[in-house]
Amino acid sequence: MTAATDNAFVVFDRVQKSYDGETLVVKDLNLDIGRGEFLTMLGPSGSGKTTCLMMLAGFETATHGDILLGGKPINNIPPHKRGIGMVFQNYALFPHMTVAENLAFPLEVRKIGKSEREEKVQRALDMVQMGAFGGRRPAQLSGGQQQRIALARALVFEPELVLMDEPLGALDKQLREHMQFEITRLAHNLGITTVYVTHDQTEALTMSDRVAVFNDGRIQQLAAPDELYEQPQNSFVAQFIGENNTLMGTVKEIKDGVALVVLDDGEVIDAKPVNVSNPGDRTLVSIRPERVEINKDRLSPDAHLVHAEVLEFIYMGDIYRTRLRVAGNEDFVIKTRNAPDQRRLKPGEHIEIGWLPQDCRALDAP
Amino acid sequence: MTMKQLLSATALAALPAGALFAQDLPPCENCADSITAVSWGGAYQTSQIKAYAEPYTALTGTTFTWDESSNEAVAKLRAQSEAGNITWDLVDVEGPDSQRLCDEGLAMEVDHDEILAAGDDGSAPTDDFSDSVINDCFIPQIVFSTTFGYRTDVSAWNGNEPDNLCALFDLETFPGKRSLEKRPKKNIEWALLCDGVAKDELYDVLSTPEGLERALAKLDTIKSETIWWSAGAETPQRLADGEVVMGSTYNGRLFSLIVEQNQPVKMLWDWQVFDFDGWVIPADLPEDRLNRVLHFLHFATDTQRLADQAKYISYGPARASSQPLVSTHADLGIEMAPHMPTNPENQKNYLVNNIEWWADNQDDVEARFQAWLAQ
Amino acid sequence: MSDATSTGPMLAADGTPLKRSLNRALRAQKLRALMLIAPLLVFILVTFIAPITDMLFRSVENQIVSDTLPRTTRALEGWDHNSGELPSEDVFAALTYDLVAAAERKDHTRLGTRLNYETTGMSSIFRKTGRRIDDFGETYMDQFAEATPDLAAPETWVTVMADPGWRADYAAWEAARAAARETGRDFDRPPPLFRLKNGVADILPEAADVYAEFARIAQVENGDNPAEEEPWAPVYLALYRDLMHVGPGAIERLDDASRATLAPAHDAVAGFQSERLADLYLDADKGWGEPAIWSTIQAFSSNYTPGYFLASVDLRQTADGVAMQDEDRRIYIMLFERTLFMSLAIMGACILLGYPIAFLLANLPLRTSNVLLILVLLPFWTSLLVRTSSWKVLLQQQGVINDVLVWIGLVDNANRLVMINNQFGTIVAMTHILLPFMILPLYSVMKTIPPTYVRAAKSLGASNWTAFWRVYFPQSVPGIGAGCILVFILAIGYYITPELVGGTTGTFISNRIAYHISSSLNWGLAAALGSILLAVVLLLYWIYDRIVGIDNVSLG
Amino acid sequence: MSQMDLPPYATPGQRIWHYTFLVICGLIFFFLIAPILVIIPLSFNAEDFFTFTPKMLALDPEGYSLKHYRDFFTNPSWQQALWNSVKIAPAATVIAVTLGTLAAIGLSQDHVPFRRAIMAILISPMIVPLIISAAGMYFFYSRIGLQGTYLGVVLAHAALGIPFVIITVTATLVGFDRSLTRAAASLGANPVTTFFKVQMPLILPGVISGGLFAFITSFDEVVVVLFVGSANQQTLPWQMFTGLREQISPTILAVATILVVISIALLTTVELLRRRSERLRGLSPG
């Protein structure tokens, strides 16, 4: 059993969850979250991430296993005694109360005196720059404003742990980016442990200290954002995080940390073996679009070169996005920076592209 | 409320002869202070309230609750007794129902001479009430009769007016809707009388299977023109509204329609059917309630009180000694005697319900009649 | 799903079956939900479901025959109703004992009424016989009194029959009562109930049985001391029959006091002038000569009977099985048919009137339709009796509608239309009353039909009618279904309105049920009719639940 | 744009049909409303008739009078009936609303075993024909000593009102955002506080309109009270029923008018509540 250290403020210990007794939505989950950490649970819908959050908050009961908070198992503690702040997907602001009443609610149930309550409410409102809105009803606020209030309400009673369940899902892109920044700022300033659930990988990468990628009821990879992006441990993570080109093939041999992969159209490439171990394994080779180079002179000499045919060229402002046919794959995408020296490719053009072997990762075949 | 209090106050003040004071009434020991009485509603119940209940309340302070369920008295008493929870103290029923309640042990048997007041001429209650004491449970109040009323302004009759009962079956001369009771009793007797059966042979004929069918066949001739009533107030109402041109009902109801409400309706006394109506006490009453009821009955059935009732409704008191005291209508001041069913003018042709025959055959005839009605 | 292999139930990480650990986790949750529901569920079960079950039970209950005539039903077991012969004297004797007790308890008229539902005439037979039953056995009473004057004294019977222990108890009780009276205390201890002497029932089975019955009735019903009451005549009949059967040795086995009384009687009975019980019965009512009377008693001697249900569908139970009811008494099938017909007519009228209104409401701008909706909801919220009285006022011959028709000259004053106290009145009034129940579900379904479908149909070239009939109408069918079942369920069980405006031809089966409860007192038949009606309604309820879902009922 | 507007390109036939349809609808509305309204003027009749007298038609003030209302307010049996109704209906409503709301909340939870069957039982008082309910209660309540008591009538009426509470509260709970109660719990409120501070205020419109239905069910109920009640429990509908069965006394029309006014008031209340609840619900996201 893990001790209550800063590295394990929240512990999921072999947690399982089933709703119907037939299928597990969370399978043998083990996860430690450190104090002050901003951890994001990322995954497609139905991957079990929200269930984990709900178990932590106490709204679902683990079918098996323990969840520990500050070293103590909380399985038998009802939600309202857990002292965990939570921001809901739809904000869940009480429509019949004003903003200030919403914020005062957690303080009221904690029997905090009136003056202290008002002071804390005001401070929380100021914190989210909503100081003037205390008398309004939630229905009179915009989505972004409601979001701030929800955040302020989850923080106003100074919980050590805050859970956020896709809190920015309903906002438009700009507002979302702004709020991402606000939330991280607040979380770090206040030193609160945050568990954040989202299916938006950009959000996960920009906000988190660590990201747990969920799929099929399991954590596929738990790592810092850069590591997750740069070094996906399996094909799911590689495909789920960021854009990715994939080529199917078979491992021919592994030697000196380099795998020789025969692609399905017969071409042979070098790749970094990540989770292939034996020759003959089917593999999915992944290369990030921005790591593919079309300027041969920018490539190091040991880079691998592959023939490609341009199928489509899309102008996207800051970058060009080009779709190619590579080794039989017609969805091979490359991204090139919009720079004065950058060529605009034309459909039908035949080019050579290349990449570094360490950028090309041989993963398990899904 | 004020209106009524005023009325009852004047009623009390207006009768020095029969006036009673609290000290004249023997005290009631171990008595409940309220009575739940069951009656028929309408003018009849009002006459009981005026003649018995209000004076009694004035003397003793007893409160009355009235339930207009006499129609369903047998059913409700049976259910109450099955449950062992009798909520009624006093039930006003017709003779045959009292027979049934008595037969089934639902009504209490009483000793009339013991519980009732002697007549003011000194006669013993059983002698004074004589024939109206039809069984051991029945405490008679009135003789009433079921008669016919008809509208006097029916243009389709071409100035004819019915002068005998059989006009009921004469749709040629007297077209229009009839109103008859939704029960076989009286209807089948009338049907047979108009089908040529002599009064003395009525129940003999009815005792044969063909007799009942013959009566129903006669009724068939007017079935399509008949609206059936189950409450005594329906016929007067329909006559007043012009819904029907003639119909049977209790003579008192017609009296108030004709005399009190001045409707263009006349009464047909031909072949009126006499019946007794009176009280029964539910069996197994708790002692205090029983004491109160007996105390009230002693008061309410004395010679004066029964005669008083006739001030409000044209039913004949069941006590012989009350007959001479019947005076004038309380509000209208008219002589009541000519409106009594027992007035010799009115009883040239009359029938008396054969209570025994009906007690024996009620279930059969009722079932057949209801089936006939529904078909 | 991939984990759900073929190796049986899924296991959790610690090896327990997943279902079980899931159940453990859910138990608290379920328990909390049930705790919230439980008070109401118990409440409904006690105040509503139990009464209905209890009433339905009456439709098969038939204890009254075997309770009132225990000896007779037992004695009749051996009688063959097909023989065409009357039962034996033993059966008549058993009936005498039963009837005299029943008449004392005043049960016999009720039994007669019960059996009269099955065979007409029984009520009158039981009444008439009940009046005479006290005298049955009087011949023997007189002859015993002559032969052994002792037997005329009530005290003698107690000596012969009563348990000495009981006599002692009774004496003690009387003493206690006297003492209480003296001191003016309340005394409400009931007297000890009569007990038979040991062995007397072996020797004098019938006499002991009837005397014990007599003694108990004297105590319980009348509050008398058996030692002071003269036994019923049938007790002497029983004694006569016993003494005729017992051998001389039997009397010897009795105690001295009894022997002293009974020995002379035993010697005398052989010389008694006897009389056939059957003749007494036939004299009381010649109906007893009909084997049908006896076979009815026999057929209904069991504690449960299908009789009421058979009667509800115009059949009847005879000793030979089920037969059609006499033609002139068949009304229930007709009443059920009429109930169904009128309910369907009301339902049809509701669709015809409700559909256009719902359509209008669903397709008007919200502001206008909300105002018009109030016109639908106002009748819905108005007292049923108010609406019924309105229709009475409107439909009468001298009512508003006839007045208007006469005034505009459509109808001659002398020939005013008859619109009330018949089916027409019921159908019109109930259509008005139930119309909101059709409009509201229809409206809520129609509101969910997006206008784009009809627009799409029109853009594809459909005429207004085609667009409505092929596109809109099919989508509104679920609303029609919901409304129809709701209206039909409510209509089929209606009571108040048909009672007030239906006359004799416009009434429903409900009115007949009420009639049997409060007027004819045939509660068993009322329960059977009610059961059938309830079954129909529950079937429709089930269908409704299937189609609409009972919690989706909209209440405006 | 409403579907009912007539487009400018409509053919004459379509126009005729359009107006015919509106006329038909108008007639049906007339059929719905007229019977209720017609009794209102009649209740002011100065005569004891139920048709419009010539004086009334001539709008002669002498043709009108308040005497039937006076009778209602001074006649002790009507007053007793009114008083009984006023006593019984609220008591039945309180029972129905309390138990019904709790049960509806229980039923709205996940994992309720036998939910469908329980629901069917709880709704059944609305479905079972009243005469059967009344007969059953009559016999059963007699047996347990409840027949002819206020308690018996109140319990019976509560049972009849419960389905309406269940249905309306369940419907409100369907629209109720579960995350609100979760939010309250996460903010530290215990279940009781959560219920009274968050859930109850929000489902209140549903509870109140369920309560109104239960109230009107009891206030308007006649069959069951005829059987379960006795003389002491005569309610307004009972009094109206016996009156109607025997004669249409104009006093009944006065009572009917009063009841129509009450139902209009109730209807307005419900409409206002519905608007309030839509405002609260409709404007909050999700």
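We call the chains A, B, C and D, going by the order they appear; numbering starts again at 1 in every chain.
Assume contacts are C-beta pairs under 8 Å (C-beta built on N, C-alpha and C of every residue); 3 or more make two chains touch, one makes a residue touch a chain.
Just so it is clear, the model here is predicted, and its values are computed rather than measured.
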item: Shared interface partners, meaning chains that touch chain B and chain D; value: C
item: Between the pairs C-D and B-C, the one where more C-beta pairs touch; value: C-D
item: Taking each chain's C-alpha mean as its centre, the one farthest from chain D; value: A
item: Distance-to-centre winner among chains (Cα means, whole assembly as reference); value: D
item: Distance from chain C to chain B - Cα centre to Cα centre, in angstrom; value: 30
item: Inter-chain centre distance, chain A versus chain C - centres from mean C-alpha coordinates, in Å; value: 70
item: For chain A paired with chain B, centre-to-centre distance based on mean C-alpha positions, whole Å; value: 92
item: In chain C, residues with contacts to at least two other chains; value: 26, 29, 396, 398, 517
item: Set of chain D residues in contact with two or more other chains; value: 50, 138-139, 143, 245, 248
item: Chain B: positions in contact with at least two other chains; value: 241
item: Residues of chain C defined as touching chain D within the complex; value: 26, 29-30, 32-37, 39-41, 43-45, 47-56, 58, 353, 356-357, 360, 363-365, 368, 370, 372, 374-379, 381-394, 396, 398-400, 403, 432, 435-436, 451, 454, 464, 489, 492-496, 499-500, 510, 513-514, 517, 523, 526-527, 530, 533-534, 537-538, 541, 545, 550-551, 553-556
item: Sites on chain C touched by chain B in the complex; value: 105-107, 109-110, 113, 116-117, 120-121, 123-124, 127-128, 130, 328-331, 334-335, 396-398, 414, 418, 421, 503-504, 512, 515, 517-521
item: Residue ranges of chain B touching chain D (in the complex, touch as defined); value: 1-4, 36, 38, 41-42, 65-69, 79-80, 82-85, 87-88, 230-234, 236-237, 241, 261
item: Footprint of chain D on chain A - complex, ascending; value: 57-59, 78-86, 88-96, 105-106, 109-110, 138-140, 143, 146, 153-154, 157, 163, 170
item: Chain B - residues contacting chain C, complex; value: 71-72, 74-76, 78, 100, 103-105, 155-156, 177, 182, 227-228, 241-243, 359-364, 366-368, 370-375
